[in-house]
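Okay, so chain A shows up in both of these, paired with chain B first and chain C after.
Here is the complex of A and B:
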């Protein structure tokens, strides 16, 4: 169809590159997604404490990392570390090298970016809780922490899940930008292969396919989680 | 305009087109009767062909083209320079828009099926490696497992990783790669040798050197249309004369190119042949 030529896929070097690319993409996505969820939980929890300086700090963090492009954050982390003097001596070469590797820079900036989005998603979950439920819990004699863990958190989690799915799929796709700072992920090797073979259209179709499959796994898992956790009024499949 | 006149004009135009394509084999007569040589050159590829401060096309290959014009027509001003790029230069030649091309044309078998090459005049280096002066590496094999900066999509990247086992750290563009090299993100930068040689002339880069020499050289030649033996002989003779007179070595100096053994040896051979 359309004269597509996939014969280059038989080349073991390209197979190896694609495999390495997929593995690095998965590593980067898994690492930054878990860190983003953790940052989101801690941040949202921090906001419920209603401590003035902590609120200001978390808001500043959200503004900075949500409102700047992740690509810029990666480039900034990668190219300014040594300017700021953050260097270590590499024992194998004896050279003074920047503190963080490209992979570390990409993971950290994606975690912070995803984390900033997650804080807001979790906050929206907590704040959209009907006041009447909290009033009811209070009148039944629940203390502050018991109320949070037994009433607020379970309901808020279910409200947040669709938003969290958005963040995770978004983070997964954003890993492709790490190729700019030489993280050898899927997009990095794809570019090298189509530059070698001139089979750009074929490569793009394959990439679309791979990303659709990988992201579908996440959305499927999240949909199952929603269905599993559903109770009347909150979550899928109730 | 009447219909008849229109038809006549079209017929004349058509005849001119056919005459043009029929005259492919006799370019030398065409050039002589026109009293002008039309040459396709690069205008964005220093030192071979580029625009100087005054907006004129100059360069190593441009000087060679002008020398050829002088040999064929008696004056180096009897030339028309047509800027071409890699993607269209062979079409410009085969379609008859230019008589010949001197446009960083590497000699290879695929192109030889479509056009003829003149005698070769330059051997262009492939990639070399730029490293800090204190580095001790001098061979490709010694780079095995080491991080080396490069550019995403370079034609030799596969060879670097597969054959030399280099841990290639490839960037989108040159500025990022140069910066990463200065930050010690990699121990060297593998790139087009001619470009790296030019970079070394900048004050910022005085502490760096070409540590690993290119592993391959591709001869470059002019291109002419297939089967035009008379024209090829005339151009080859002019190029060999320029080599024998040491002109190519002069142009290397003029355009800031490092002196190559290839050109020096060809000059020696051409001079010996002449005597």
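Here is the complex of A and C:
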């Protein structure tokens, strides 16, 4: 159909490459997403403490990572951490090799980038909590901790979920940029394959298809989670 | 400024302090041998900014990134308007394909779309007998405009849907047609709410222009990786820092202004 030739897909070597690429992409995304959520939680928690210097530091971190290209951040991390950074001498060959691989550098920089986005999302989630709810809880005699665990946290989680979906999909899509610093993920292997077969158009269509499917799975799962957690008055429960 | 300092003032003071520390660090670093590194950066700054060693004529560099972002944003605005209004159409024949296209574009990575445009678009195409050529720059513009347009269509859809339904009913009862309602009632109000989202997207797009280095146009990152390959490894760090700062200095004010506008527009629910 349309003169597209997908016969190369039958080659087990290419299948293996694609599979490895998908697995590495998933690994990178999972690692950096969980780290990003952790950074986001810590950052947002730090902001609620209202310590002015901590507030300033977190704000600076968020603004710097939000307003510079992730690709450049990744290249910078790769360059400073891997090329110039810590080196260890490989005992078997005697060569000095970087302590941090390209994969490690990519996950570190993606975690920081995603973390900056997550801080912002969680902060706005906490901020958009209606004050009247906190006052109502206080008037019912809830203590600080009980109020946080039983009222604020459950509501904030639901408010933050759509934003979290955005972060996760954004981060997943950004993992494709790790191919630029030679992380063997999906995009990287795709390049290898079309350099081999010259079937660029076919590979690109397949690649877009794979990414759209993977991202759609995330979006779908998050939508299900939102529906599952919904309660009247918040998010999907409207 | 009044004493005791308010929370915001204290925060600003800390930020100033951080900037001062960074400047001091740069100064100390320059004094302890970093000065020659910085001199190399300064000598190459015109090259990074305009793509030509003397600063004129503009051949690429950061100026090309800005140009690319403006051209892409113009195209993305067009795409976003068409796509956004199509997703609002009442007829399913228009709405469903538009939704499918929008979701497809939104769910695919920018880099992959850019690569796809690079390889899918031919060098030259004959449209109605006129041959249109697609140099890498045009391919980059299209590749970046597609995802931005899809995101913009969501902004437009959100803004239009945020207009109170009473406006629709009132306009319809006055005998306006759908086109007239959009033109005279909805759009003038929705436009105001779109502007912050539009500006945010522009900042995002500017950041994404760094990806255009894969198309081989002489943007700031390409220049860094090709023309400056002969610089020593340590100097390259200074170059990276400079370019990171360039992007930050360009995008941060836009993002801040967009957020301020957003806050101003928020809450004027008619």
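Just so it is clear, the second predicted complex is superposed on the first by the 231 of 238 C-alpha atoms of A that agree within 3 Å, B and C clash if a C-alpha of one lies under 4 Å from a C-alpha of the other, contacts with A are read in each partner's own complex, and residues count from 1 in each chain.
The criterion applied here is as follows: contacts are C-beta pairs under 8 Å (C-beta built on N, C-alpha and C of every residue); 3 or more make two chains touch, one makes a residue touch a chain.
Worth saying up front: this structure is predicted, and the values here are computed from it rather than measured.
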Now for A:42: first (chain B), second (chain C), both, or neither, which partner does it touch? neither
Could you look at A:96 and tell me whether it touches chain B, chain C, both or neither (first, second, both, neither)? first
For A:104 in the superposed arrangement: first (chain B), second (chain C), both or neither? neither
Considering only the touch criterion stated at the top, classify A:26 as touching first (chain B), second (chain C), both, or neither. neither
Once chain A of both complexes is superposed, is A:79 in touch with chain B (first), chain C (second), both, or neither? both
Would you mind checking which one, chain B or chain C, touches more residues on chain A? C
Would you check which partner chain A:188 touches, where first means chain B only, second means chain C only, and both and neither mean what they say? first
Which holds for A:13: it touches chain B only (first), chain C only (second), both, or neither? first
Using the touch definition from the top, say if A:66 reaches chain B (first), chain C (second), both or neither. second
Quick check on the output: what are the common chain A residues between the chain B footprint and the chain C footprint? 79, 179-180
In their complex, what parts of chain B are in touch with chain A? 146, 152-155, 157-158, 161-162, 169-172, 176, 179-180, 183-185, 187
In their shared complex, chain B is touched by residues of chain A numbered 13, 79, 82, 90, 93, 95-98, 102, 179-180, 182, 188, 191-192, 195-196
Which bits of chain C are touching chain A when the two form their complex? 7, 10-12, 14-15, 18, 103-104, 107-113, 115-116, 119-120, 203, 207-211, 213-214, 221, 233-234, 236-237, 240-241, 243-244, 247-248, 251-252, 255
What residues on chain A touch chain C, complex-wise? 50, 52-53, 55-57, 59-60, 63-64, 66-73, 75-76, 79-80, 83-84, 169, 172-177, 179-180, 187, 194, 200-201, 204-205, 207-208, 211-212, 215-216, 219
